[in-house]
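Before any comments, here is the structure.
Order as written gives the chain letters A, B and C; numbering starts at 1 within each chain.
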Amino acid sequence: MSWLDTILQGILLGGLYALFAAGLALVFGIMRLVNLAHGDLIVLAAFLILLLVSALGLNPFIAAAVALPVMFALGWALQFLVLNRTLGNDILPPLLVTFGLSVVIQNGLLEGFSADSRRISAGALETASLQIGPISIGTMPLLTFLSAVGVIVALNLVFYRTSLGRAFRATSDDSATAGLMGIRAERIFATATGLAMMVVTIAALYLGTRANFDPTMGPARLIYAFEAVIIGGLGSFWGTLAGGIIIGVAQTVGAAINPEWQILAGHIAFLLVLLVRPRGLFPRAVD
Amino acid sequence: MALLETHGLTAFYGDFQALFGVDIALDESETVAVIGANGAGKSTLLRSISGLIRNVPGQIRFDGREIGALAAPDVLQLGIAMVPEGRRLFPSLSVEENLLIGKYGRVGNGAWSLDSIYDLFPVLKERRHQPGTALSGGQQQMVAIGRGLMSNPRVLLCDEVSLGLAPVVVRDIYAAFPKIRATGASIVIIEQDIGQALKVADRVYCMMEGRVTLSGTPATLSREDIHAAYFGAHAR
Amino acid sequence: MSDHLSASSWTVSTRTRGSAVSMLAILALVALAFAAPLFVSRSVVQDLFFILTMLVLAQCWNLLAGYAGLVSVGQQAFVGFGAYAMFAGVSLLGMDPMAAILLGGLAALALSVPTAFFVFRLQGAYFAIGTWVIAEIVRLSLAQWKALGGGTGTSLPSGATRDMVGVRFVADLLGVRGPQATDIVCYWLALFLAVVTIGSIYKLLRSKQGLGLAAVRDNREAARSVGVDPTWTKSFVYLVAALATGLAGALIYVQKARISPDAAFSVPDWTAYVIFIVVIGGIGTIEGPIVGVIVFYILQSLLADYGSWYLLILGLIGILIMLFAPRGLWGLFADRTGLQLFPVRRILAGQPKPKDIRGSD
């Protein structure tokens, strides 16, 4: 395996991590809420897609499209009914409630689906690849990366080109004054979490079709997502993609040296970036 | 019946009582000024009306409805917009976005749109794509007023519009008020600058220590009366 | 009015009515716990050992999250590192397990210094996940240590715990067999560790530093303005918690005698359970973790057969308590009774001179 190939695989893997991270960045950017159940929600969405594929015989992409509104509604309700109650100056309630949620989702999935590894079958796409000169690119990894770019473009459009996006930013700046504009922060937050859950669903589609998954793998996805967000900084969704790519490349390069070093190399890259740029590569101007 | 009125309005910050039975009234198309020293309770009065502070429902009535306990977005939807103290522009939004967000909760039907606000404050059109907070204090105040007008409110509450601005800038901003009045909106102005307030207001309330100490039309109030009501020179 | 006050008529105290009584009750309870191995079965001793070690972990986490505002999701780093250091001491250096437990604590303390350097760059929620990343790094690194079994783990050399200081003595004294004597010695060590941990935390919270800690938690800037250095205070607490957590981890694995990276750095075992113990019992009090660990043990005994339902229910209880009774069971109890076993609140006691009483009202 050539180095160029290794790095390219890493960049494409970074697309998956950016998908894990984009929802986390969206929610944290708007309401300063770190959802410790984020990884478990990705796994939950993967099981939802699996259920739709196996029960209704849907194509995974169609199943994901069906899951999108379901996950939006779940996210909206979760934020509106539970997480909004935890917001405030004290960081303990949101952290502990989402930590509890993480444990509940994990063990609920264990009860419902057992600890077995599952995979969503994507048919011929799984093994398809593109040959560009000497390098072969898997179609699924490429699709993942393009989806990540698409998600980030879409989030940017929503954030900077729509009335909803203005409301997101205004609420994040100053929710009391936003209230004077008729913006109901609790609904804005619920909508943001709903959107984040739609991104989570897209992430889950690729999580489930590219490799095996089981109910306990959520926390590790949360960590990768979190590392990508911190490396990127909170100033831009593109930073999150950059953060995902850095973790992805570090992991594939680490794995190329010694397969046991894959995950460790990603974490160490995170620590190094943190050491050099504590506020990430693209920090937010006002924080 | 008045468009907007308070009856024995009381307000609290935790255990601290800031208003002790305030009665004011505002008629359709009327401009009322509330003057008083720092800590007199003027801002608390506006914060109560706008829903930033929750009160007893019946203590504030708007168009016959009890609105004392409504939250800020509900109050705005009824047609009461607020220009908050300190302008409070959104730093992440450009000038134009700051204006546009003013109609997020209510569009209303009336004279105000981006175009008519740029007509009112032409300088904002030149700087529409800059961040709101990059503007001078006076221009920021124009954005804040424009933002309040975007919902075409029936009542515009203005909290300390002249605070921290040079006199010449204050004069420019107050020059806009006749045009705002001409659209039929009612206005409540909170001011420490008595001169400006008396010039634009139909009626004046003077507050001290959470109570209304004097009210009347600018023509009927003598400087001595206002001075006494403002500083509490007469015996309490 | 303050002119008339003589300063000497007021005293600041942390004692409450009944706190002297509760101290006596606590001493009696500790004495009873010390004597327990004489009249309870081996399995009860093992259960008590489990309760006490979880209590130590819970007190440490509560010190961090409840008093210093440092919500760590990575305390398993110190449990696992302490345990691995103990294993290295016994298996590779041939140390006595008792000494190796100390080594485990010191190793965790040593680990906490560079760790603090990284995680203290992160605020609030970022801190939480930062500690988790560190724990993952330590776990993955130790999984590379082939001498201690790599990813699959290893056992203590056979007989190592039987030859531990004091085991032979206890076996002869109580007339029990080696493994049971090991359990009893471990239990006494856990009791000692729990008492010392709670005593130290109590002492810390009643001290000037403890007051500074409360000040930092309540208002960082104001605390700085009166001369409390928040970073130093928080760092100190972080290091102390790492030491005690490492000691507990080493002790737990002396008793388990078998280690693997996944078990020693388990998030559910060493962090999730601990967080639920503190949240259910009442965060930010010394009594809370004590109540929490008892409730936790009862729930575990009742629900142990239901597998993942157990954690699911624990998670739901934790969420409900955090949403509707954020001060936990002890908070609910203390609000109704005003009782405090470990009063740390400063109370201004005394009275104005009679003259002032007549003057007022």
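Keep this in mind: contacts are C-beta pairs under 8 Å (C-beta built on N, C-alpha and C of every residue); 3 or more make two chains touch, one makes a residue touch a chain.
Since this is a predicted model, take the numbers as computed values, not measurements.
Steps from chain B to chain C, taking the shortest chain of touch contacts, total 2. Taking the mean of each chain's C-alpha atoms as its centre, the chain lying closest to the overall protein C-alpha centroid is A.
The chain pair A-C and the chain pair A-B differ in C-beta contact count, and the higher one is A-C.
With centres set at the average Cα position, the gap from chain B to chain C is 55 Å. We define each chain's centre as the mean of its Cα atoms; on that basis chain A and chain C are separated by 34 Å. Averaging C-alpha coordinates per chain places the centre of chain A 44 Å away from that of chain B. Looking at the complex, you find that chain C touches chain A at residues 65, 69, 71, 73, 118, 121-122, 124-126, 128-130, 132-133, 136-137, 140-141, 143-144, 151, 267-268, 272, 275-276, 279, 283, 307-312, 314-316, 318-319, 322-323, 326.
Residues 28, 32-34, 36, 82, 85-86, 91-97, 99-104, 106-108, 110-111, 219-220, 222-223, 226-227, 230, 260, 263-264, 267-268, 270-271, 274-275, 278 of chain A are the ones touching chain C in the complex. Only residues 163, 166-167, 169-170, 172-174, 176-184, 285-286 of chain A touch chain B when the two sit together in their complex. Remark: chain B residues 50-52, 71-73, 76-77, 81-82, 84, 88, 90-93, 97, 100-102, 104-106, 147, 151 touch chain A in the complex.
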